[in-house]
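Next, two complexes with chain A in common: one pairs it with chain B, the other with chain C.
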Partner chain A sequence: MQKPLGPAISVKGLTREYVTRNFFGGVARTTSALSGIDFEVANGELFGLIGPNGAGKTTTIKILTTLLTPTGGDARILGLDVRKDLYEIRRRIGIVFGGERGLYNRVSAVDNLRYFSDLYGVDSSVARKRIPELLEVVGLSDRAQEKVEKYSRGMKQRLHIAKALVHDPELIFLDEPTIGLDPGGARDIRNMVRDLKAQGKTILLTTHYMFEAEELCQRIAVISKGKIVALDTPSELKNMVRDISVIELRTFEATMDYVEALRKLPNVVRVVADLDSEQQTIRVQTPLGADLLPKVTAALPAGARIIDRTIKEPTLEDAYLRLVEE
Partner chain B sequence: MHELTPGKQTQGRVGRVIQVLRASVFLTSKLFFADPQWLIPNIIAPFIFTLVAFFLFSGQTSGSSFLLYLVLGSGLMGMWGTTIYASANSIGFDRWNGTMESTLAAPIPLSWIALGRVLFNTLQGVLNAVFILVIGLVWFRVGFTLVNPPAFFFASIMTFLSLSAFGLLMTTILLLSRKGGFITNSMEIPVYIATGTMFPVILLPVVYLPFAFMLAPTWGIEAIRLAALPGYVGLPTTYTVDMTIMVAETFAYLALAFFLFKRVEAYAKKMGTLEEY
Partner chain C sequence: MKSTDGKSGLLSADSRLQMAWRVFRGAFFFGRKGLIIWDSWDMWVMQIFITPIAQIGFFAFLSVYLKYPSSVTQFIVIGNALQSMSFSAVFAVANITSQDKWQGTLPSTLVTPANRMALFIGRAWFQVLLSALIAAAGLLYAGTVFGVSFAQADFAGVALVVILTSVAMISFGLLISAVGLYMRTALIVANIFLFVTLLLSGVNFPVSELPVWLQPVAWVIPLTYGTEAVRMAISGASLQALLPVLGWEALDGLVVLIVGFSLFSAFESLSRKTGRFEEY
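Here is the complex of A and B:
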């Protein structure tokens, strides 16, 4: 299949509204999930779409994969119209849904792949060779005949990737492919994504993990409340928060009260805390850098300790938080 | 990553449709036998059905012809019940299992995937009917002497296909709404009555007859009984007329089902309700 001359994905003024009807069929409420978004993804590019829950990521993916009709605007996949050219688009794209969805758990991995290869029209003689090859690639060869319900979450996710590749697509949509995986499983998936990129596949990735987007994506669109609020390379996005630095604290027995006290300090832009572990991590964004440290230490309540403190450059997550909160 | 065999596509529309039907039948059968509960609707329920029917009627009449009438009726009831139950669940299962999006994302109309599932589900019904027949033949020693065996088998196959077509039509309701199971489940008993599985349809009040005549299985059952039972008196029609009407109605069901699939799929995509459960 020859690659199109234009972009792999082209989105212009895309909108999607959901209408809730009342008992009598009248419109009770209209919710706007996408409010006229624009972006393009080049052939062979690994493009990220990040945003908080309900921002419009999944709606965008559903429209681009022809599972949902847009209410306005234009979206083209490999030069084809998402409203008119459904089957041609579906034949040329692969979709990886995150989580446990999308597999038949009571049958084996081979049965799943055989079924989907038939649905995607893969020639039977090709499928007979390609399915074992894919299982080898995703590291499931030795468990290929087992029922999927016995698989771990990571194994299921690897099978999802094999399923998305069974018909050799040009463009792959990865919707939160590492969600809920342990660090080892997530690393395996990220390595597979890198391999796919190296093969020249175009990839659109959505993720909640900023380090993952930063590590993998060439460009990232940040979506918030149905609008794209920034679109650039990871380094350019980080440049948006060059005016601040981050004090990263590792603390012992720090509570939410300490976090609130930090938020009230002058020149503190934002405080992000992970208080769930035995040792807490607190990130304080400030334009003052190390000059704020005495006040940060002074605010510490009795009984709590700072184990470690570091002044860091802002990360993509810092940029992301600023963008989605603006 | 290893070098993979390029994903060459199957050529030709007919080849694609056969490939999808085969895949759908194959997967549905695997899922069916993977769940041990398949024994309940296919072996245990028909056994109870047949027992009740025999104890109700066998003391009141004599002659193997009536008993065969009973066995055929029970078999068709079982077949219909399994068809409608399983057809209603064929798409509902995907909603519940989280595979609706994956199925819909395939580059083939959903109607072909659903047809494969309904075909296997109707085949389950045949298994059910055969089991009832075996109970009748072995346990109750019903004589299985047919008036015209080739006509009987032909009518049985065509009735099987007409049930599949009706099942496909029912599936469209489930595609439209997750609450569609209520409608398809409520169809079970009225159709038992209207198609005359346990008594001649001519005994129904006149107001019900138009509904009965719109159901292809009504004509299929008539044709099967004419071909199986000596001296059977049912509707004032011949075997050929029954078969012709059944085939015509089956095609009408298929045409309507494919049309509705297209419309319902587009509507559900517009409303964003396809994968809701």
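Here is the complex of A and C:
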């Protein structure tokens, strides 16, 4: 198969609307999931698509993988039209869905892979060689004959990756591949993604984890409310928030009241807090940097204390929050 | 001669027939293990040996209780022996698409280039064997427990009827499973269909006893031909005499299969437009 001369993915003015009909068949409501997005992914690129829940990430992936028809615009995969060239596109792409579903649980990993290699039309002799190799790559060789229902979430996710590679696709869609995994499992998946990139595969990755997108992707599109609000390299996206610094606090017994008090301080752009742990992490975005610290400390309620405070450069997450909240 | 596309090892796009065969073969073996939820030896034993005797027993004892002549009871026993395959042939097959939805495997399956006809039929084909075994057990009970005489029977004819009816009924199961691609579940439709077969397919009384306007509907269901043919074969009709009925049954099964596959294709296309693949 020839590599396309143009981009691996080309999306122009792509729209998708969902129509809800009433009992009589009339249109009750039209919801716009994508409102004219444009982007291109080069051959061999690892491209990230990030955005909040309901922003349009999964709709975009469904359209690009031929599972959903767009209502407007144009999308080409390896130079092929997603509306017309379903058969050829399906032969040349792989998709990894996040989460535990999407595998046949009552059969083994080998049976899952054998079945999908049949569905993709992989030559039997190639499949016989490739399936054990893939199981080795994803670290499931010693559990290959066990029923998938006995697998941990991380093992299932690794099998998802093997399944997507069974026909050696040129382009791989990874839809939140590390969602719900423990840190070790997520790291394994990220290493596999890096290996795939090193093999020259083109990858489109969606994720909720900003550090993951920053660590893996060459370019990132931020999608919000069905529109792409920014598209650039991770470092350029971070440059969009160079005007602020981040005061990161580790606190003990801080509550939501303290977070609200910080939000009301002058020159505070945004406060992001994780209050669920015994020690809380609070990130305060401000253009003042360390000059804001006295006010931050003064706002601390009785009984709470600051264990550690650091002035940090803004991260991709800070840029992302600004972009999706604007 | 196999041709593959370079490193990917995919069969070449122009080997469509060969690819369809791979899909059919893969789906045939995998369908039983991955998609038929009744696939375990205890479920097999229960379906083959308990389902038919419970069903035949119910209708046979009802007939005895109502003091029908033994010829009527035997008519009912034979009809139910064959109909007892419906649970396996229709219900289990209709459930395949729902199983794909519940396991979240439908998007992974439909994003493959697999030939849909081969996939559609292949996944259900193993149920032909199970359905035929259930009907065979039902007929065994008919002879050993319920006093049906097989003295005149043409056993080759009986076997042919059982296998053909099993195939034709699976076509109906596939048609209902196609509905499941678009509806949240096809099981409600399958349940209704099972009772419709009891009513219309000449299982408990001849089709000629139905209201005239219902009789053409009865002949749409392949089982109606099957119940007529199996009674003929048990009473000694030759293969040659059975052929017209079996021919109609085969034709009916084929038409149902084509309609089912057309529905499957139409619903796949509609689901792509509406985004309803993953509703379950």
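Definition applied: the second predicted complex is superposed on the first by the 326 of 326 C-alpha atoms of A that agree within 3 Å, B and C clash if a C-alpha of one lies under 4 Å from a C-alpha of the other, contacts with A are read in each partner's own complex, and residues count from 1 in each chain.
Operating definition for what follows: a residue touches a chain if its C-beta (ideal position, glycine included) is under 8 Å from a C-beta of that chain, and two chains touch if they have at least 3 such contacts.
The structure displayed is predicted, hence computed values, not measured ones.
Undergrad: Clash or fit: what happens to chain B and chain C when chain A is overlaid?
TA: With chain A as the common anchor, chain B and chain C collide in the superposed model.
Undergrad: Touching A:V82 in the superposition: chain B (first), chain C (second), both, neither?
TA: Neither partner.
Undergrad: Contacts for A:V222 in the overlay, against chain B (first) and chain C (second): which applies, first, second, both or neither?
TA: Neither: A:V222 stays clear of chain B and chain C.
Undergrad: By the touch definition at the top of the document, which applies to A:L64: first (chain B), second (chain C), both, or neither?
TA: A:L64 sits against neither chain B nor chain C.
Undergrad: Touching A:A55 in the superposition: chain B (first), chain C (second), both, neither?
TA: Neither chain B nor chain C is touched by A:A55.
Undergrad: Regarding the shared-chain residue A:L249, is it in contact with chain B (first), chain C (second), both, or neither?
TA: In the superposition, A:L249 touches no partner, neither chain B nor chain C.
Undergrad: I'd like to know which partner A:G121 touches here: chain B for first, chain C for second, both or neither.
TA: Once the two structures are laid over each other on A, A:G121 reaches both partners.
Undergrad: Classify the contacts of A:L262 with the two partner chains as first (chain B alone), second (chain C alone), both, or neither.
TA: neither
Undergrad: Based on the A-chain superposition described above, do chain B and chain C contact any of the same residues on chain A, and if so which?
TA: In chain A, residues 18, 62, 65-69, 86-88, 90-91, 95, 97, 101-107, 111, 114-116, 118-124, 126, 130, 163, 167-168 are touched by chain B and also by chain C.
Undergrad: Note which residues of chain A are touching chain B in the complex, please.
TA: 18-19, 62, 65-69, 86-91, 95, 97, 100-107, 111, 114-116, 118-124, 126, 129-130, 133-134, 136-137, 147, 163, 165-168, 192, 195-196, 198-199
Undergrad: Taking the touch rule as given, give the residues of chain C at its contact with chain A in the complex, in rising order.
TA: Touch list, chain C to chain A: 2, 4-11, 13, 15, 18-19, 22-23, 25-27, 30, 33-35, 37, 39, 103-105, 107-114, 119, 272-275, 277.
Undergrad: For a test of understanding, state which residues of chain B touch chain A in their complex under the given definition.
TA: Contacts found on chain B: 1-2, 4-10, 16, 19-20, 22-23, 26-27, 30-31, 34-35, 97-99, 101-108, 113, 266, 269-272, 274-275.
Undergrad: Mind listing the chain A positions that touch chain C in their complex?
TA: Its residues touching chain C are 1, 18, 59, 62, 65-69, 86-88, 90-91, 93, 95, 97, 99, 101-107, 111-112, 114-124, 126-127, 130, 163, 167-169.
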